């Protein structure tokens, strides 16, 4: 295992020390493993918290700041944080207007956030939740745990964060979150596995001429394994199931090409070119785009594509100022 | 070779297509492989151009924009661009106040930029150059090609770009560039090699328990190979030669922990924590920090540390607004 | 020698044995989770059981040992919930919390009492995770284990013998997860590819019952 | 059959042969550059010589073939400069540009004239790159090649024989780069670790003279 780490069990603790030292915009509660804004938002505004396993940086800790999250709870690598962390974060960020929990649809995350919401509720804090479930690689059925929450989560945190910054009430914020969650789809692929530090070896083996199609963000294998293909074919394999699942025509789209951690920006821009060409061919108008490693899976090489059907409200909040270590514009 | 590419010889052309599509802040001259600001700066201001081989993204194309570069010339992967590109960029960005060429000290880059400066000079454009050479891994001697230009280049482009934005004249801009170039030092290391797309296989072989200390940004082997070590020891191996080479005490420092492309942010933050602790122990006051993959070496896993001795002028320009795809704040 | 009732010391011994098993099988459980999950189940369970034992030691050394079974399992459950995260944290946490709530202020449990507590734990797992038989989860080891336990007790077995039956059934239930296509948890994302692999959570649950059987037999 | 003078057609044949050699050795030159550089020398040289031949073909097919040696080498040199980049682009580019400038409006060169042009090329390489003997660069193949060429001409050799001598000396110069510690170019960053490897640029330069010797001997 080749990583820039000390003891594999201390990765998260050590990384939080570095994050705290490097980012004056953030306050880090190292004991509870919670990242807060250094300057809390005004009283009377809805607060947003998210959280999840570590290994996805900059999500979520690096997305805390003006116009985005108020706090992020960090779990062990690829392991949901615990209800006590989320409860603590909820209490600290509440400015009297309630708190939105942004949860990715994984059994662990959902159960832990549910317990946290019960605890916060008992403490008299109004909590609403939105669960992202945008991964079209996963079949959706009432018999299963449903689809994973992946890239759309980043877009949702940006857009809904901007809305909360305006002073909108919890019902409005929650409604926008539900709209965004319903209007986006994602699909990912991997060229390599990643290694969970405490596990010490790659989660799966894969040959030099193979790739995994339909992966999530936890180093898990995908839906099927294919022979390595050129970027334009890979783009097709990602875009096709997204377009088959939801109608993106007739509205502006926000397109997000995400890097999984080990893929450099030059390849992500190349992939964006391929994806944009396919979407345009399908009659979709790209209004905004985002390219980069925003939601990683440790050092996994690969990419995911997210398409969000936008409208004027969504675009307005997308363009609104955001000041976080990982995403920053307009202010 | 596992990459998200089409034909290995088309990587740069394809990536420029994607960059042009993804970044409304940029204009891309695909034929000449030059990236410009979509909105040129005002007449009468000094312009900055840089350039170099591709494979280092976001540097330099992603660092074009308000407060930073006016144009970037892209060469083939790890190969300096050619004088005609630089000449064309120089002509296009000149706003009548002259152009500063920011060159990293590699034989190819230096020779090509020299030829370009001669051509621009013949066309009546005032050109000054600054050559970064901050890599302490390389011995400095009049008998050799000198030190490589590495991480400091990113800091210099930011700081000097902000100065040029104020309308300072070419001599002032050049003097600041020289001051920054003289006041920073860097050292890098790699866990893995990278693969030049057209070469098709890793530049060097390295065992699972080895690392290269003293690497540059072109996938070249480093100064020596060591057994893999914990992050705090690696930090020491990078910080020690930097501190041995230059006195950083008694002034505020800007500290930059760079990712080489294949190393995820969680490890970079962890490394920043280790580096910051060592610098503080050495009596150095960290005034500003930058953590992330800003100057990559394709998908190489590894990191580099840059320390810049700052002063009020440098900090003021560091904090000034910058609006580029790769670096953005204050506006 | 087997007893008719199970006391606090025996329950702590059970947990200690379980901790030993998950520690021993840390890499194995993680490896199972690599195939169809995210390669952390052994890490999660070890972190949790280590925290549980730190908590138990703190109580014992601090001079405030657990007075009742509820006290013990409330601490165990809360520690699992607050130290594990992921899916197994809330699930095992709820399992122990419900066991405690059902046992209440008792200081010992007879065979039926232990069975009731364990079944309340299983119900808690179902309430949290909504798993059904054949979803390829810990339920598939836990539910047959409880059925076997209850059947043994109905036939007059003492706690040790019932636990022995439960352990055998848990093992069988665990093994039966191999051909299943997962419908809950992370493995469900793999679809058909989840078939052909043991479920990690069912495997740790089988260790839980093995620990119980061995502890009570001792 | 060897000739006393070298005309434009022969010079183009030389360049064509060189192109063939770098194409054939693309992977080999890149591999040499992997060991002590950045793994692109074969890629760079192939890109350059392909562009050179596109340019030559364009001139020939466009009905404006090169009238003088200067015309030819100016086009070749400029194409190398504008298509290669890196260190080898300006160096080989300058080499050809200086050859052209020295040959001037001539349409053929005798042995001494070719030697003067080649030496001007070498001087251009030195002016650009400041390499000295033993720095482990293309200079270490080029300089002995030119010395051998001049010595052969002084001894009465025709162009083919002189080129033959130059090629042998370039090969020897190339081989002699192996033990050297690089002091110029990218390999210098490796310090002592650069020893024990052939220099890629010296290797492509040896191919340049091999192409010349074979072309003139034909």
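A few notes on this one:
We just call them A, B, C and D in the order they show up, numbering each chain from 1.
The rule is short, and it goes like this: a residue touches a chain if its C-beta (ideal position, glycine included) is under 8 Å from a C-beta of that chain, and two chains touch if they have at least 3 such contacts.
All values derive from a computational prediction rather than experimental measurement.
The chains touching chain A as well as chain B do not exist; no chain touches both. Each chain gets a centre from the mean of its Cα atoms; the one farthest from the centre of chain C is D. With centres set at the average Cα position, the gap from chain A to chain C is 32 Å. Centre to centre, using the average C-alpha position, chain C and chain D are separated by 75 Å. Inter-chain spacing, taken between the CA centroids of chain A and chain D, is 54 Å.
Viewed as a contact network, the protein chains form an open path, each link joining two chains that touch.
All chain pairs that count as touching, in label order, are A-B, A-C, B-D.
On the chain C side of its complex with chain A, the touching residues are 27, 30, 34-40, 42-44, 47, 81-91, 128-129, 183-186, 188-191, 193. Of all the residues in chain A, the ones that touch chain B in their complex are 1-7, 11, 14-23, 54-55, 57-58, 62, 191-192, 208, 211, 228, 230-232, 234, 257, 261-274, 276-277, 286, 289, 291, 293, 296, 298-299, 301-303, 323, 328-329. Per the touch definition, chain B reaches chain D in the complex via residues 53, 75-84, 106-108, 111-112, 115, 135, 137-139, 143-145, 148, 196, 198-199, 203-204, 216, 218-221, 223-224.
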